[in-house]
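Chain IDs A, B, C, D, E and F follow the sequence of writing; residue 1 opens each chain.
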Amino acid sequence: MIGMDEKLSFFKDGLRLDGRLPDELRPIKVEVGVLARADGSCYMEMGENKVIAAVYGPREVHPRHLQEVTRAIVRYRYNMASFSVEERKRPGPDRRSYEVSKVSREALEPVILTSYFPRSVVDVFVEVLQADAGTRTAGINAASVALADAGIPMRSLISSCAAGKVDGEIVLDPMKLEDNFGEADVPIAMNPSGEITLLQMDGRLSKEELQRALELAKAGCQQIYEIQRKVLIDRYSHMDDMGSCDEVVAEEEI
Amino acid sequence: MIGMDEKLSFFKDGLRLDGRLPDELRPIKVEVGVLARADGSCYMEMGENKVIAAVYGPREVHPRHLQEVTRAIVRYRYNMASFSVEERKRPGPDRRSYEVSKVSREALEPVILTSYFPRSVVDVFVEVLQADAGTRTAGINAASVALADAGIPMRSLISSCAAGKVDGEIVLDPMKLEDNFGEADVPIAMNPSGEITLLQMDGRLSKEELQRALELAKAGCQQIYEIQRKVLIDRYSHMDDMGSCDEVVAEEEI
Amino acid sequence: MIGMDEKLSFFKDGLRLDGRLPDELRPIKVEVGVLARADGSCYMEMGENKVIAAVYGPREVHPRHLQEVTRAIVRYRYNMASFSVEERKRPGPDRRSYEVSKVSREALEPVILTSYFPRSVVDVFVEVLQADAGTRTAGINAASVALADAGIPMRSLISSCAAGKVDGEIVLDPMKLEDNFGEADVPIAMNPSGEITLLQMDGRLSKEELQRALELAKAGCQQIYEIQRKVLIDRYSHMDDMGSCDEVVAEEEI
Amino acid sequence: MSDVVMAEIRKDYLYHLMLKGERADGRAFDEYREISLETGLIRKADGSALVRLGKTTVMVGVKIQPGEPFSDTPNKGVIITNAELVPLASPSFEPGPPNEVGIELARVVDRGVRESGAIDLESLCITPGEKVWIVFIDVHILDDCGNLMDASSLGAIAALMTATVPAAQYALGEDYPLPVKDVPVATTAVEFGDSVIFDPDTDEESVADTKLTVITTADGSICGMQKSRPGFISQDQIYRIVDIACERAKEIREKFLEV
Amino acid sequence: MSDVVMAEIRKDYLYHLMLKGERADGRAFDEYREISLETGLIRKADGSALVRLGKTTVMVGVKIQPGEPFSDTPNKGVIITNAELVPLASPSFEPGPPNEVGIELARVVDRGVRESGAIDLESLCITPGEKVWIVFIDVHILDDCGNLMDASSLGAIAALMTATVPAAQYALGEDYPLPVKDVPVATTAVEFGDSVIFDPDTDEESVADTKLTVITTADGSICGMQKSRPGFISQDQIYRIVDIACERAKEIREKFLEV
Amino acid sequence: MSDVVMAEIRKDYLYHLMLKGERADGRAFDEYREISLETGLIRKADGSALVRLGKTTVMVGVKIQPGEPFSDTPNKGVIITNAELVPLASPSFEPGPPNEVGIELARVVDRGVRESGAIDLESLCITPGEKVWIVFIDVHILDDCGNLMDASSLGAIAALMTATVPAAQYALGEDYPLPVKDVPVATTAVEFGDSVIFDPDTDEESVADTKLTVITTADGSICGMQKSRPGFISQDQIYRIVDIACERAKEIREKFLEV
């Protein structure tokens, strides 16, 4: 384990320790429709992060008192497998995963047309199989695709990634090492028009650095959106006249 | 920490270590209506004890199966803040607080006209912000005032305090030091006519000592009743022709 | 405590350490109708095992969503008293007791005529007061008698015992010492016709040894069945013309 | 609704009996049901007692194990009392961790043992600040036909009086009987109208206004009291109950707990 | 249904007020309710603060006790932050362990303290790898009239700034004031239509599309942000909120937290 | 009611197929679905295996960490097996701690590993009585299309066979492969009418009267059995299942688990 005392350099010849440019995402791998039982699903790798998302619903709400008469409720459960992190994690939710679940749900809820399905629930489950900084954003990306795969009417997809600060420089999509010893982390999520639905930040940034971080993360989200879009097009390309996932997901608002 | 071996004297020149006479209460401070959200509330200090009580209701019962068809149920939750005691207490109820909640509820329920509000609940919440022996009695006193403040129909107020035995002598309203190293503790609660609704005792007493303890605690309750009564009168003195809290609380029985 | 290194001999002059033959059950003691509040009950000792079973029902199901519209559900709760084992057990269910409860319920459910009582529940509670290997089988035996005592319609009784392997030999009804240091344990339960409703096994057995173990355990169950039958006959012998517990329990199927 | 109606009818019935000075089972108002007590039935426990109070049945097991003292009493043993109201014992008990009734029961049993000084906690110190004997008193209710307080308290002290400290098992010397220095006995009465009835059964408990448990020691001192149920009680009735409680406790002690 | 209707009516009302540039209580959009702060009221705590933000009332207690460090930071003290949304404080709070709202609140308060570097964790090491000071920050909500984030964060830093490390009690030297190196202040705004409103009350919170908390340090850096509620927010609005948040935080810091 | 009706119709359909010697997916009665096995996918784990049994998908991760031995086996390592039936994997799974189905699954997987002697626990002792290796086997169900027992057991032994003891990380020498001495394989059949069907899918499981899992070792011994579901099974059927189970296990072992 590297102590805080030893000065760790995060750059070598202008590249990051894993060879990326400062504004470069880690490699992304997506598969849609990977689970038989779920109504929609998506497996996603972002660097060493491996997450899988499933969507069930719209379905009946249990317990009943959670029902909303004018709209579907959305539930989101982010969960880490015990073996997904260096030191084995006790099974079950901890305080961090409750917070991640809450902000992830709030990141997706604005694009789900919940008023189409009063008294029902849309359940989103995200399992982290391997974690390496960025699991919440990977989870949101996978969940967004899984929602589309489940045919849940949405205004648009949601794409998510983080920017960080290491060695005084703003970088895109920090990996574990950069996150642990870096100076700030800013995960965001947004729709294709750049409207933000998730924003968290910890560390220490000036206003100018925050601005740079948001710009960088926004550019990252746009790249991710293209990947999400492509995988959904491929998934539905066997259907007639369907060239864009934007037709799969509902576009008008009620 | 004082060991049991060293003989600790609890009296000096006939006075207790905090300067009180054996039959003297600690200073009391009461404020009524201190919370905006609650239907009724009361902040009370008895010596170093600082408690706050809130009443909500009568309101709908959740979960439903707890409903009683002929009367309101009463719930009472006594809770200590983590920082209220010497060694930090883990948040949430422990076995002691479950017992205190039960006997406190049973101390107040006899004066609440529950049959006025079938199928509903009156919720009493007591938070202990600082504890120094006597939090259950302080809580009951505050809760009684908060019930009146919430306009819950009652037959009368309930007043509560303890007597203890230290150095072989029966004293009123023991403080922490006297409780920890004393020989007995007898908390009671009663209505203004002296009918008892709470009675617990631990330690070791002869029948005569018990009798003396009950007499002393009863006298203490009467003093507390006057204070409770006064604060409620002050609270409602702006209203026309209202000179007594006894008119605020319902007096007849159904 | 005996280490695994020291070779422990489980036989002396052809007898086991408690003087039993290899195919001999431990002494059994049964009492039926031992509890006043339960609808049916049975106390049973099998060697040093002391268990008590109670049956409540058919009665209303809470919570409601567990109701089955075409039949009664059966619940089974196996619980060990804290003082029943060498090292004090924390009160409440652990993983082992959840598994034992599940397989015990499944051992009894096939003979209960659940379709007679739609939307209701038959609750079986087994408390282990002292444990010495074989509590699950003792519990099933006691529960079976308690079900009959409660008048629950059944196709037949269920009888249960285990076979084990020690020193290379298959023995009936292993006691704690034989179970701890033996090579295999095979608990079964069956109806009087030999149809098996419980079967578990751990350790290491060849197919031939498994066959021998099942034969031995089957013979043990038959002996236990006679004891269960007799105690129920005695219990009901005061009634007219009733010579067999087989008349107490329902025999035809729907 | 029918439950409410039945409760009213039962209350009426018991009340009218009482006006005639009678109880449903024919006992005098201050009379206990038959008590039976067997100790040592659970060999895996270090002490045990099976108590029957009429049909009420309670098994108490005591386990004694080495463990750490509390930091504020480094040279004292520890008593931990738990009561399990298992669903086998009553249609109204539910599985799960103890509710407030079970917690109150355990705490009142504990109070009797603790406040009477029955166990000399300092004698249970093995290494000050490090290792002491932990005495677990586990009350297991088997059949609730009323007055669990008295049955459980009697079981607890009887189990303790016949308990052995299993020192040999932990290489801490020879086994020895747990030293018990006092014999607390709990006595419970309910108030119903103006009458006071001792050792209530389930019906009597369910219609009572108020219940009072008084725990007394061998020398006639009071070492614990607990009023429960939402009702009033006057000082006079308290004194009356205490007086009879002392008598009944003395009889129980002499009959069952004299060495 | 009526709840939904009421919420719609209230939303409409507040929205129309806002079009006129008004709030229900007459404040400017970037104006805080009256703040009051009292420290040291809880003598049993090592630090405490009672914060009122309008009618919102929060008590924060700090306890400092020796304990074990985390294995990956053997020479650092530990901060543990908890928030109790006790049912006394709002008709919508329920008894039980913290739900996601309470957990988020605690974690955002914690983030401000931790990320600002307010507490020098290395100075809280007693024996590396063995014993360090554990700082418990317990947020106890007493009256929820909106904007718990800002009230709780203010209470936390105020309680820490007035806290004493109780070294003498544990024979670890003399008591000394907890060293606090920075003064994080949280500032929260909600978005409603296109307007941004600071220090929202309960009504404003309940109709808001989105909420953003910005925590700033004494030198004007940002050390924590949290968007909550399911709504959109644009980059421009974020920057606007950050700008005003810095100003408000500076005022609060100067008025209440200057030594 | 419709669920009941649908279950009856499905049962009927499957039953009539079976009378013709057929299964819905065309398999023979003793035929397994296609099995795929990938190991080492999770680099953060010390061993891992992704098993697909038809569409049933299970990920097993193994973590090996130093910890304390049980007091009654001071010189043996510890195996802890847990199964998470996360709600992602089936519409019938719910969030929360494992229910009895999940607990049974974990315990049967554990039984195979433990009773076969696959792991030499004594070789996992670091310092007798103080420190041993704890082997955590975490079964994470991803897609439940039937026969979780066999898929999970296969994943567990495959993850163990490819696991590394991370000694270097804890300064306990060099990393070395976890020594695995036997290769238990679980084989499950359901009974339906008089027929026996191996490797049941979800539909077949839901209509089965009884289920029997048999775990066999490399030398053909039986090291674990578990009957589940409330139905009868005869001795003859048990022997029949054991015979076929041994064959299938041998094939699976040879195809997937030979070094």
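Everything below uses one rule, namely that contacts are C-beta pairs under 8 Å (C-beta built on N, C-alpha and C of every residue); 3 or more make two chains touch, one makes a residue touch a chain.
Here the structure is a predicted model, which is why all the values come from computation and not from measurement.
Touching chain B and chain E at once is no chain at all.
The minimum number of touch steps linking chain D to chain F comes to 2.
Using mean Cα coordinates as chain centres, the one most removed from chain B is F. The greatest centre-to-centre gap from chain A, using C-alpha centroids, is found for D. In this assembly, the C-alpha centroid of chain C lies 27 Å from the C-alpha centroid of chain F.
We define each chain's centre as the mean of its Cα atoms; on that basis chain D and chain E are separated by 48 Å.
None of the residues of chain E touches two or more other chains.
Not a single residue position of chain B touches two or more of the other chains. Chain-to-chain contact here is organised cyclically: the chains close a single ring, every chain touching exactly two others. In this entry the chains close into one ring whose order, counted from chain C toward chain F, is C, F, A, E, B, D. For chain F in complex with chain A, the residues that touch the partner chain are 41-45, 48, 55, 57, 59, 61-63, 65, 82, 84, 86-91, 95, 97, 136, 138, 140, 142-145.
Within the complex formed with chain E, the residues of chain B that make contact are 35-38, 41, 48, 50, 52-54, 56, 59, 77, 79, 81-88, 91-93, 123, 125-127, 129-132. Those residues of chain B lying in contact with chain D across their complex are 1, 69-70, 95-96, 98-99, 101-103, 105-107, 109-110, 186, 191, 194-207, 210-211, 214, 218. Within the complex formed with chain B, the chain D residues making contact are 1, 4, 72, 98-101, 103-104, 106-107, 111, 114-117, 212, 217, 220-235, 238-239, 242-243, 246.
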